[in-house]
């Protein structure tokens, strides 16, 4: 499955990119699965996603949890806890 | 004791005056005493002070209660519950 | 810290800037503006007249303001209240509370309004579209609001 | 009802007037303005950069705004949030809640800010007077604030 991944703030800086398109294996069913799969890609991802509690996600621009299904998602975002306002 | 009395809003309209100076008997010790004494003055005062629960008072520009002592007060105000804001 | 009673209208921007200009320690500014509504309990209003107790009004507003500063860590506050003749849509009252953090500013602004409503000596007289004038009754919910602050 | 994300500064008067002009049903307008503070945990700031998630930000602010309208009887609301480079004293965010009665307006404005702080995808990076940049950490007290609304 082809998926657009976007990264923000400290996560974007650590990964050195604001986004990428990836071909995701069929057994990656949830946001949590996707984080685990990304961590296995290389050291930069492993480091960026190491502290899972500090990474938040959104699926198609709606806040998501680790158990949220990717289903037919087009865009998944990862970012640290928000600090606006 | 000479005392400046001031009236506001509906009380002022009922009494037909915004204020007056009165010579108060020595046995009028509290705000409540003063209200009772004023009620005895004539029908207009009796009517204006009839519903004591709806009359508020201030002594020298500080909110007062029926039991507040007049002591050396210079100015006593009577008015309905406030409705600003 | 400033309390004012005036017949003139006030300008929200100018009042806020007077408190925040040249400062970088304020993180949160909450303002409350009260407006004359065109209808009161199904009665259409033509105008409203605000009477007050000159001298006591300013003193009481000052006391309410000082109490807010005792209860919360505030960087600045302002209270402006109009008197005289107003029309539907006109501004009546402005309260500003500025603080480093938002919760202080929100709570202090609500507190200032609750106490102003029940303690500051202002009285509203409404004149209906029919020309009939009537003094506004105090609302019990305002007394409840004050009691909730303990 | 209007939510906006912009690099430009905003004008408090203009934003309030846009909600209240020509209306006489609004009795209470509460505004919250967030400002860049010159010090953060004893660190002197030179500037702050606000990053956001275009598309999701507007959608999330819209969702928060709709939730406020579900919870309170509101006549009008507005949320304006700036992004890009800001300096100490600059305005960051504006929330307005207008209602017939003051309690609704106060509560809705506080609610909008609490939810914006914990749900809208904005991130602040502070640059110190020493030139060192650091992403701001989320505060637990903000999560507590959101939970308090149930």
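As written, the chains take the letters A, B, C and D, and residue 1 is the first residue of each chain.
One rule holds for everything that comes next: a residue touches a chain if its C-beta (ideal position, glycine included) is under 8 Å from a C-beta of that chain, and two chains touch if they have at least 3 such contacts.
Quick caveat, the model's predicted, so the values are computed rather than measured.
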Task: Minimal step count in the chain contact network, subunit B to subunit D - done: 2
Task: Distance-maximising chain from subunit D - centres being C-alpha averages - done: B
Open item on the list: Rounded to a whole Å, what is the gap between the Cα centroids of subunit B and subunit C?
Closed with: 26
Task: Separation of mean Cα positions, subunit D and subunit C [Å, integer] - done: 23
Task: CA centroid of subunit A to CA centroid of subunit B, Å - done: 72
Task: Junction residues of subunit C - those touching two or more other chains - done: 34, 102, 113
Task: subunit B residues counted as touching two or more neighbouring chains - done: 85
Open item on the list: So which chains actually touch one another? I want all the pairs, not just one.
Closed with: A-D, B-C, C-D
Open item on the list: Can you tell me which positions in subunit C touch subunit D when the two form their complex?
Closed with: 11-13, 16, 20, 22-39, 88-89, 100, 102-103, 105-106, 109-110, 113, 145
Task: Residues of subunit D defined as touching subunit A within the complex - done: 34, 50-53, 55-56, 59-60, 81, 92-93, 113, 116-125, 135-138
Task: Partner subunit D, residues of subunit A touching it in the complex - done: 6, 8-10, 58, 61-63, 77, 79-85
